[in-house]
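You will see chain A twice below: alongside chain B first, and alongside chain C after that.
Here is the complex of A and B:
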């Protein structure tokens, strides 16, 4: 009798989640199952998928060419996380100290780029970074450099573009956690004899760690797959996961390998999210 | 007790156009329990934050042990604060919270720190809680840890900002006793901020009553209670009947006043002075619980008519009308004359309970 009561209430409590689960299950789960199945199949010479079980695709991921692609992608995504954190944290911190209209306006400006197509914004960076572009004009015009600097087609250009595209996520994630920070804790730290730097390290940084981890995750994951930025700004010089998968599906006519790489990427992202939930839940332990 | 530990010298503070502290000057003696008492917005918390170094003062000076500390940042002042919400670091357990001060200042060796943590936890009766996290503690326990975290630094003075505000009534009463006891045990000067007169009267060696950024009176609890320096203090401390009266004549130690058809002798406050002339308007302030009701006329009594009688637990509140002035009398047992509504009675009070005060504009928010 008692057990049945609990079961019915459990169903009742979770009832609102059912439509969402069905939706996500159908539109995200089913395609993912397709990808998983295809990743274990092979293709014929025309690129048509053949129903023949094989683990060949997964073996190929471990070939140096593909390992390098994984490495490049993680390097780009990781550095994007670092760059957006270093630039985004102070922005978020200062924004959280603003009041009223200034605050609303600043948050609005941070979100504003989302109103413009990301492709368009990336082409905008081409104009800035071009060999005869604005930045080079300024550099040579001011005599800082004699020759224009090659910026397009470099790893740095991909990094700048990716970081630019994703920094709002970092700022908003850090902002949310800095904003929740109880200022009396900072005062308590000063009161107990800690200076500004120690207070920042021991209290502010430590208590905004969940925001930092969240921001890093929000930036890292899309950075792995943003293939068009490295195409437009990186000139396809370095191959990243996104580009490679995109290419394998299209010109490469190797959907099974693309599927295997996608599954590997999903697994890796799952790992990153797992680490994130660990970090953000962790409450115990000090930095002192 | 006589040595001045802290001197507040003409401290002025503005928040924008808001003049929060107006030329505040007073001394805090070494080893005393001093309470800053006043209604919300009177500047008491600001004054405490100025002493802590969390607010900069606009003019004046603050001297700790005869040395100016006004230019020192909070982390360089040897004073510690117990915050209203305790402000325990949520990511550190009890031990690390308490160890925070000595660690950031690198003021103790590891073994010394360990011993001191044990000592302060003993003092606040929280031994065995070392590895608890703040969110696992009750309000009263958090409070004790916040005090321990402050006291381990051996501050010259401990500043407490309404630390009992968040606790329920029963715990608050218990902690009042505990705090007063702790203050003597720790031999540390306490500067305590509250808006609760009962807390202030219960715990303090001295009370400084504040209103609108100034200190109106400093004195022992009994002084503040019985010898108010002005009408604000009289109306803020204790429940008093305050009525406007006319001075008939001033005698050596008494003043003869008229209230309606009654002419009686009353005393004036030592603190407020006795500067009355015949015909002056003045206020008569009498503690409600110091009043007595009699059925027969006697010397220096006020004739009145019983309005209504309310039974509130152990108290009986009797409303009496004296020629248009309302008096409330609080009795703790059945009164002698067993008066009923509409009866004519005569009111008197213990000498200490009533006082005559000069006419001053009543501060806003307080009604007579």
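Here is the complex of A and C:
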């Protein structure tokens, strides 16, 4: 009787969450179950999924070629995280110190690119980086190089494109935690004789670590899936998870293998999020 | 208490609404046909004119690949009437029962179709498909730039392996095409399954890696126009664009052979508007309409009655109208499903090298 009372009141309290849960359950949960089931099935020669249990797809992931694809993707995603952090952290820090209009304007400018199609923006980079593009025109025009430099079709071009696309996430995440920083702690640190660098390392950096971890997660995960950037800017020179899965679903006619690779990717991302929650909890918990 | 009950009610209502919004769909019964193929593959002006003349509305769905069309025809066969797919996909759709036999009595213009593009392996008796456009893939070369690099002129695939061409070749980004190129270079047929020959092709392919500057399926001709690459393996419509943009570029039909693609109309087995669909098919098979389509899309014409409506330029173009000698070297990619997995893996290894 008592227990029932608690459950009904629990349901009542959480009622506003029900639509969200139904929504998420329907649009994220059900498809994920589909993907999981398909990953254990096989397909016929015409690409039609056949109801026949198999773990072959998971075994194939461990073939050297596919392991290399995983490694490649994580390298790109990890480096994207590092690049966006190095550029995004100072931007977020300075933005948080701005006041009033300047601050609103800066945040507005950071978010502005989201109003334009990401595909369009990627093609914009192509105009800049092309062999006969704007940057090469400037370089050869000023006589810095004699021949245009091949920039498109390189790993660096993919990295630039992915980092550019995702940097707002990093800035906003770091901004939120820098903004909440209790400035009196900084003053206390200075009063106790710490220099600027030491204060930054011991106070600012530590207190904003959850923001950094959050930003890193927000950048790392989508970076694994932005296959069109490596196609458009990377010149298809290497293979990433996103491209491979995209190919297997379409012309590769192997949805079960694509599903298995997706599940492996989801597992890895879960691990990243687990580490993130650990990091952010420990830091916050340790300080409060 | 009241509020929380209210809250529960509202949230349940919202949940229900969200689920119902998924199934909302409306239908009306005006004469129309649902067509799908690549964007602009059938020119807008042709479709508008058909709509004006017949009052039948054409709903054109853009897709990006044959596999997308297979997916749509499998998932909702009663939503589509017509698709234009490539040769090998006709075979797959036929085997899976996605497409139906055409009623020739309703297609008086069927006789206009050039027999040279009919009776192919995927539809030996011409029951399921109507050839719409023909294309090929071959090499587009800037011979001047090739000699500036100190390399010999490119006349065949084998010439692509010259060391001087490092980082100077662009290719279509697809395993079957590139493995096909290598197999032809070695004197084998497309989609070879013999493990020894495939292994030999793999080694040969890996040796080409350093020469590839870009893998590009959509606009490979741009790399040649900009000077980033001196040679490229690409589709005929792309090569034509390149040649139109730069006088330095020329088409090379490799001595070893090259692929040919026939894109054909196929009708869904559960076509909801067959009568209107036949009217449309008959319309595009008239010599005059067919000629206009070819002039716009720059694909080889498949209609025997179109010559009188085609321009001199079109008829004299060696890419769109290959000589018998050149045409004899063209062949189809058949049996793709038998090699896809293996080739794809070799291709990944090639790219990751």
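In the analysis below, the second predicted complex is superposed on the first by the 278 of 288 C-alpha atoms of A that agree within 3 Å, B and C clash if a C-alpha of one lies under 4 Å from a C-alpha of the other, contacts with A are read in each partner's own complex, and residues count from 1 in each chain.
The rule is simple: contacts are C-beta pairs under 8 Å (C-beta built on N, C-alpha and C of every residue); 3 or more make two chains touch, one makes a residue touch a chain.
None of the values given here were measured: they were computed from a predicted structure.
Asker: Given the superposition on chain A, are chain B and chain C in a clash or a fit?
Answerer: On the superposed model, which is not a single observed complex, chain B and chain C fit side by side.
Asker: For A:250, is the partner it touches chain B (first), chain C (second), both, or none of the two (neither)?
Answerer: In the superposed model, A:250 contacts chain C only, not chain B.
Asker: For chain A, which side has the bigger count of touched residues, chain B or chain C?
Answerer: Looking at chain B versus chain C, the one contacting more residues of chain A is C.
Asker: On the A-aligned overlay, A:77 touches which partner chain: chain B = first, chain C = second, or both, or neither?
Answerer: The answer is neither, since A:77 touches no partner chain.
Asker: Could you say whether A:206 touches chain B, chain C, both of them, or neither, answering first, second, both or neither?
Answerer: First partner only, chain B.
Asker: Once the shared chain is lined up, is A:26 touching chain B (first), chain C (second), both, or neither of them?
Answerer: Second partner only.
Asker: Just how close are chain B and chain C at their nearest CA atoms in the overlay, in Å?
Answerer: 34
Asker: For the complex, give me every residue of chain C touching chain A.
Answerer: The contact residues of chain C facing chain A are 4-5, 7-8, 11-12, 14-15, 18-19, 65-68, 70, 74, 92, 95-96, 167, 173-174, 212-217, 223, 226-228, 337-338, 340-341, 344-345, 348-349, 351-352.
Asker: Per the contact definition, I'd like the list of chain A residues that touch chain B in the complex.
Answerer: Spelled out, the residues of chain A in touch with chain B are 182, 184-185, 187-195, 198, 202-203, 206-207, 283-286, 288.
Asker: Write out the stretch or stretches of chain A touching chain C in their complex.
Answerer: So the residues of chain A in touch with chain C come to 11-13, 15-19, 22-23, 26, 45-48, 63, 65-66, 68-69, 72, 130-132, 148, 150, 152-153, 231, 235-239, 244, 247, 250-254.
Asker: Going by the contact rule at the top, pick out the chain B residues touching chain A in the complex.
Answerer: 52-54, 73-76, 80-81, 83-85, 87-93, 96, 99-101, 103-105, 107, 133, 149-150, 153
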